[in-house]
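What follows is one structure encoded as structure tokens, with my remarks underneath.
Naming follows writing order (A, B and C), and every chain is counted from residue 1.
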């Protein structure tokens, strides 16, 4: 069973990863029985599957994903949202208002205007149409405050960590609410701007070192040492 | 793309893999070629080529102009091509697009690199005045393989070109009566191949061009030396196929050259 | 003010040493970097001899104007452009016929490598700026543009490497400078896709026998293989240094 790289070695597009009866996973393609990488990343072999964890890739919409986007256009009965994907996403007025859109009664820009940020979920997507969004679930809707960090979407799993270990640590240590969009956009809301900045710094470090090991410990260390100068006025709530 | 076109494309590709073409030609056969010289009376030289239903007309004009500073004793060659809208539903009016520019430059390269025109004989006053040869390629009907038709018509037009006789008197250039043929010393011929799946075919017609994934043009001179190569299209070639094409091109060029160069 | 340059009599001496000291089969010194521009989705920069070329990629993104969008795949667009100060005599910023032809052939050389069918109706725009030119710019452009595409995270079948070979002073040489191209007998730029072992850009101007053509072609392919190695190293380098620093 010929494979050509060590686990977690960095590969580039066109590198021959495996031959014969391996299955082509993410960021690979198979041709004439040979499997090649399509992106720069770390190669992984799992049972009979070979895939690449891409070091940099743009977001491709997937049904069920929670994303954070910015309104780029107010249309007739809908908004166009930039979710950092090759295709802008559509949010229907009826979804936001909760009933069919009435042009005489409903003024869309007063609900959501160009430049506003929203947390939404992708409900429909296929290659022939724009991705469709909804904000009708709890925790979705217009963003009123906080800081936004944009990272390459392939590193989102690292920010979350195994079984949520990284993100729970971050929330606890920085005392911030952190909403992670699958499209690489992260919302950080904290008691003070200093707390928010700390979370942003930590996320940036994760992005830069995502492909290394021992990351959770290093990030925890960094956050704790930076926190030294911050007011220890920790809230009594949960 | 309509389903009928797609079906035809599959048909063409299948036939080619069996060594056949829709119009009955062999893989290395040209369509019927008709060549007429001297068709544009007000041009210094002209020719019209009909390659199957592809039709190209080329006219040459000679004017006096300034030489390029790095070659002060040589005449100037300039080739332009127009894909006029009447030639195809896909041609739009407007300034030259990338296709017409590529066409002109490939035709130009063949003539220039083979040193077909004896440019050093076109010098009137060194460093100041030389003859400029304008070659204008006019595509009248596009049914595939514009490059070969244009290159052939351009060569024929140049051979057909007559230059005015002149003498330099007191710093002024005076035209005398009579004409000299344009001094030529080489006769480049372009041969274009289309690649369909893994096969290469000579002189693709329009529907074959629409199925092909790449094309390659190889221009050879009268001694069989290669003077220009141009690969086009979004596919690719192996080295083997290219060398195969080069050998076929040299052969076919010799055949085509006989149409233009007598004796 | 027009300045004239005296062209040297010989470009290669009797010991087969070229004007810049290289052997016949030697590439110019090459330095490549990726991810150097902040706004572009992907970018790369190359210095090859005296060539200095920058490439940036935007996309896949919405196609503008919309009517150019393709229903079944991404539209790959490419603009090769030379800065006015990139050559000895100032070049007008307006696109010349040469730049238009080169934009076309460069795009056609990259297209087989990109999985355009994954992103219908979008466009992938590649911008190439030649800041300093010394021969072989179209090849260096392809080399750096394919890195910019990979840097943008656009899925590719393979990288594309490009290199020119030719005939100068009767000898077959690799990677011609501008002087060698102008004064030589033939110049053959070529782009190569390693996986398919196939050629995606091929042009030639000059005069070669079929035998010389074959040798020059093979020489250029070998040059491409060397350049491909450098491309891979460059893509990995950024991540390897961070990995090493951090994992002790």
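Everything that follows uses one rule, which is that contacts are C-beta pairs under 8 Å (C-beta built on N, C-alpha and C of every residue); 3 or more make two chains touch, one makes a residue touch a chain.
Just so it is clear, the structure is predicted and the values come from calculations on it, not from any experiment.
Greatest Cα centroid separation from chain C: this falls to A.
The chain occupying the central position, as judged from C-alpha centroids, is C. Each chain gets a centre from the mean of its Cα atoms; for chain A and chain B, those two points are 55 Å apart.
If you average the CA atoms of chain B and of chain C, the two centres end up 27 Å from each other.
With centres defined as mean CA coordinates, chain C is found 34 Å away from chain A. In chain C, 193 are the positions where the chain touches two or more neighbouring chains simultaneously. In the complex of the two chains, the chain C residues touching chain A come out as 41, 59-62, 74, 113, 115, 119-122, 150-153, 155-159, 193-195, 231-232, 235-236, 239-240, 242-243, 246-247. By the touch rule above, chain C contacts chain B in their complex via residues 2, 4, 97-98, 100-101, 103-105, 108, 111-112, 188, 193, 196-210, 213-214, 217-218, 221. If you check the complex, the residues on chain A that touch chain C are 10, 12-16, 27, 29, 36, 38-40, 54-58, 86-88, 127-128, 152, 154, 208-209, 211-214, 218. Looking at the complex, you find that chain B touches chain C at residues 69, 96, 98, 101-102, 104-105, 109, 112-114, 216, 221, 224-239, 242-243, 246-247, 250.
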